[in-house]
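What follows are several structures.
Two complexes, one shared chain (subunit A), two partners (subunit B, subunit C).
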Partner chain A sequence: MKKYLYILKTQIIKSMTYEFNVYGNIIMQTIIMITSAYFWRALYTGRSVVDGVDVGSMQTYIIISSALSVLLITNVERRIGSSVEKGSVATDMMKPISLFGMFLAEDIGNIIALIFQNMIPILIIGTLMIKPPLMADVRDLPLFIISVIESFLINWLIAALFGMMAFTAINNNALIQVKKHLIRLLSGSIIPIWFFPDSISGVLTALPFVYIYQLPLSIYIGRGERADILMQMGIQFIWLIVLSALFFFAESRITRKVMVQGG
Partner chain B sequence: MIDVNKLCKDYIIKRKGAGLSGALKGLVSRNTDTIHAVKDLSFHIDEGEIVGFIGPNGAGKSTTIKMMSGILTPTSGSVLIDGEDITKHRKEVVRNIGVVFGQRTQLNWDLRLGETFELLKHIYRIPQNDFDNTLNVMDDILGIKELIDKPVRQMSLGQRVKGDLVASMLHSPKVLFLDEPTIGLDVSAKYSLRKFIKEINEVRKTTIVLTTHDLGDIRELCERLIIINHGTMIEDGNLKEITDRIAPYKTLVAEFYDEKAPTHDRCELISREGNVARYRFNKSDITAADIISDLSSIKPLKDVSIEEAGIDDIIKIAYGR
Partner chain C sequence: MRKAFDTLGHYLDVTGQEIKMAFMTMIEYPSNIAGWFISNPLQFIMGFAIIKFVVESFGEINGWNYGQLAFLYGLSVISHALSMIFFVQGWFMGWYVIEGDFDRYLTRPLGVMYQFFFTNINIFGLTDLVPGIMVFIYGCMKSGIQVSVMFVFQVIIMLIGATLIRGGIYILLGSTSFHTRSAVDFGQYTQEIMDKTTMYPLSMYPESLQFILTYLIPIGWVSYYPVSSLLGIENGLSGGMTTALITLAVGLLLMCLAGAYFRSGLKKYESAGN
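Moving on to the complex of A and B:
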């Protein structure tokens, strides 16, 4: 365990090395956040509540969604892809360490750095330019934190599963893009799926994506009955179990297929 | 220390036609070829040996090294390091091995060298005392401490390879695999690397397996050679014994006072350049002293020297087979 913590710490140092990436991401997230806030303000013109959510809550939703997106940045899929492509997977595998344990530690380390470099600036910009994103009911905070941790893990497991394809398919860049946009669109990160037609939102509630963004955000803005929220957290937990099982199954056989390119 | 048993590795590669039409066909059809990179390789290496693992490009050297160090899973066969199967217990067995690839690094580009060492210290759970001792020893041989605060991305190739060697020795492995460690290095960097390899072999009794294309590495380091080509073993034995067997000749270089070098019936005149003639003779047929006395009885000699059959001769002969 200690070695993984040290990897995490080292990753924080590494993530602090490149400052430009940091500003790039802040600017991009700010643009997305501000435009969607104005977008929602325009859509709400003349109406105070749509589907049980008022415009203020919707703006909070957008700000927290931007902040949450920082916690949901994963590197594992590109990390595997590039280390297979360059052949540096060799040096990862010759250490007495679990490969995916190391990748998880690196991702968490990276996120810890990003909380300071990205998430806090985004929250400050959101507060100043849109509104203070206050939680609807502070008593839901434990539920919110649990659901965020689970959504982090679900998101990471999906990324790791996509990353594993690089061990065999070699170039997984296209797949990573597909995955990224699927999650963006289907998770309610920009447009909550309660605005979608019933048939589509019905399908989406069965998929894991909405439990990455929309569930914790709904808890934060206090949308939905408590019983309904608890049921959704149950589904979120089931998805976590299913994806973990899938992950451990795939992990046990994937390292046998490792291709080391070059040299 | 190392037991390699009937080791095989097949690669399955997609066959793609040439040009655009080939690329398009490759999208739909799935023709695959199986390449036998390593075929039925078996050998044994004792503790404290330095073994040169050589062969032409594409012979399967690196594939074998990767299987021995647990990076690639063999298609069949087994590798035992200190009696333990590396494919079954990768995480445990890799504690006993260190690997340096001359063409890639295990150091982290974004970190200072010392930070990478600290990370390795935690990964291998090296006690602080041992860590400091090893680092001191490495500093004596390679002068590593002056590099410790330098970011890896600012290092020269020679410095980086030094860093890689130290990184691979931090956890005091019993076996060290070196895959072309001296590639691209200048003469003095090669010299200090070879000195380092010799010292850790003598002092720590580290078993070393080395692949290289550098004849100097082989000459100075390896007592034993394993030569492979097309994935199969073609020679395994003592460097001297292999030399005596495949290239059992020496060359006598004789300089006369004019261009008419005489021939000799028990050795072969292989070249004549100006006043200098080269005679190749078999060590078991005749001694150099006899040839010199025979030649000087025919014509006055100005100068003589004797060349051993070079490793390059052996390699040329062995690779050509």
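Moving on to the complex of A and C:
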């Protein structure tokens, strides 16, 4: 455990090396957040409630979605991709720690740095420039936290699974893009899927993507009945178990497949 | 004069070879081709579907109906695809700077900017182009456009202008890395901002934002102004060739600015050893 904590700590220090990155990221994310807020305000002109959500909740949704996106940054897929492509995966595997444990520790370290560099500034800017993103019902806070932790894990497992495809495909850049677009468009991070036609949103609720962004955000803005939310959290938990099982199965398979030039 | 032609000929020759090599690298990893053929069309088909769902939930967006939005989206995706083919490198400039990769280009007897963009010409951008053209044709049919020679000519000039604007923005953002010596993932961010500002009518945003996007960061010229002129939507712009030419002029101006900024940045560039 101690070894992983060291990796985590090193990653936090690494993330703080490039100072300009912090400002660059904050500026760009602020622009995106404000454009999105105006976007929804413009769509809602002349309408007060659409699909059970009013414009104020939608703006909270946007702010929290921007903040949440910081927690859902993963690097594991790129790390696996480049270590397979360059062949350094062989030496990585010789280290006395688990390969994926190391990647997870690195990602968590990165996120801890980003919470201070990115998430808190975004929440402050959102509060000042758009509106204070208050939670609809504070009693749901435990549910929100649990669902955020699960969504982090689901997101990380999906990234790791896509990353593992590098072992068969050697180059997984394009697959990373597929994953990125699936999550971007089907998870409700930009446009919530309750605006989609019923048949399509029905299919999407069966897929894991909506449980990454939309479920925690719905809990936050208080959309849906409590029974419905609890049922969705059940599905989220089932997906977490399914993806973990897939992950451990794939992990045991790929370590046997490692192919390095000359060996 | 003769010498200038020789140089131009040399550059064209090299470009031909570069494109050939780009094709070779493209087929290096077969699974990668499959991946790009899925990921890019997927992105735009889903994006297009989302516009439809938004229109179904909210009705017309600021007076623009679904056909007009499809037209706007199509034109925007085409210019996006073209900018991806020629200028996508701008997104990754930061990584080249922090890893010292510009050294390789500085030692060769060709323009650095030319080499940077053409040695890595992105043929995969074609997978963006096809869905873009499809949506554009669909939009043309839906909004009842009469296709004439003039129309085609206008669209082509506008697309050149729009591609240059996008490219100029990528290069301007990427060149900041020379000064800051760090790599921000501008690609992801610009795409997100461009999605919101070029695929929906600009008129839905407040006046202040419209002003910024027209005069300071001319994203409005990428698709909104050209399309409103082509579709004859009232916003004080004259139809005909004028808007197309303004778009082109804005693109050229931005490209010149970006080029100058790139050059000034390159002077600041240093790596191990100098």
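To be clear about the criterion, the second predicted complex is superposed on the first by the 259 of 263 C-alpha atoms of A that agree within 3 Å, B and C clash if a C-alpha of one lies under 4 Å from a C-alpha of the other, contacts with A are read in each partner's own complex, and residues count from 1 in each chain.
The rule is simple: a residue touches a chain if its C-beta (ideal position, glycine included) is under 8 Å from a C-beta of that chain, and two chains touch if they have at least 3 such contacts.
This one's a predicted model, so the numbers in the text were calculated from it and none came from an experiment.
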Contacts of A:Gly24 with subunit B and subunit C, given as first, second, both or neither: second
Touching partner for A:Ala90 - first (subunit B), second (subunit C), both, neither: first
Subunit B versus subunit C as contact partner of A:Lys14, first or second or both or neither: first
Contacts of A:Ser98 with subunit B and subunit C, given as first, second, both or neither: first
Subunit B versus subunit C as contact partner of A:Leu186, first or second or both or neither: second
Touched partner set for A:Leu43, first subunit B, second subunit C, both or neither: second
Touch count on subunit A, higher of subunit B and subunit C: C
First (subunit B), second (subunit C), both or neither touched by A:Tyr6: first
Shared contact residues on subunit A - subunit B and subunit C: 18
Interfacial residue positions of subunit A with respect to subunit C in the complex: 18-21, 24-25, 28-29, 31-32, 35-36, 38-39, 42-44, 47, 50-51, 168-175, 177-178, 181-182, 185-186, 190-191, 195-197, 200
Contact footprint of subunit B on subunit A as seen in their complex: 2-3, 6-7, 10, 13-14, 17-18, 86-91, 93-98, 255-260, 262-263
Complex interface listing, subunit B residues touching subunit A: 11, 62, 66, 69-73, 90-92, 94-95, 97, 99, 101, 103-106, 108, 110-111, 115, 118-120, 122-125, 179-180
Contacting residues of subunit C [partner subunit A, same complex]: 28-29, 31-36, 38-40, 42-43, 46-47, 50, 53-54, 56-58, 61-62, 98, 176, 180-186, 189-190, 192-193, 196-197, 200, 204-206, 209
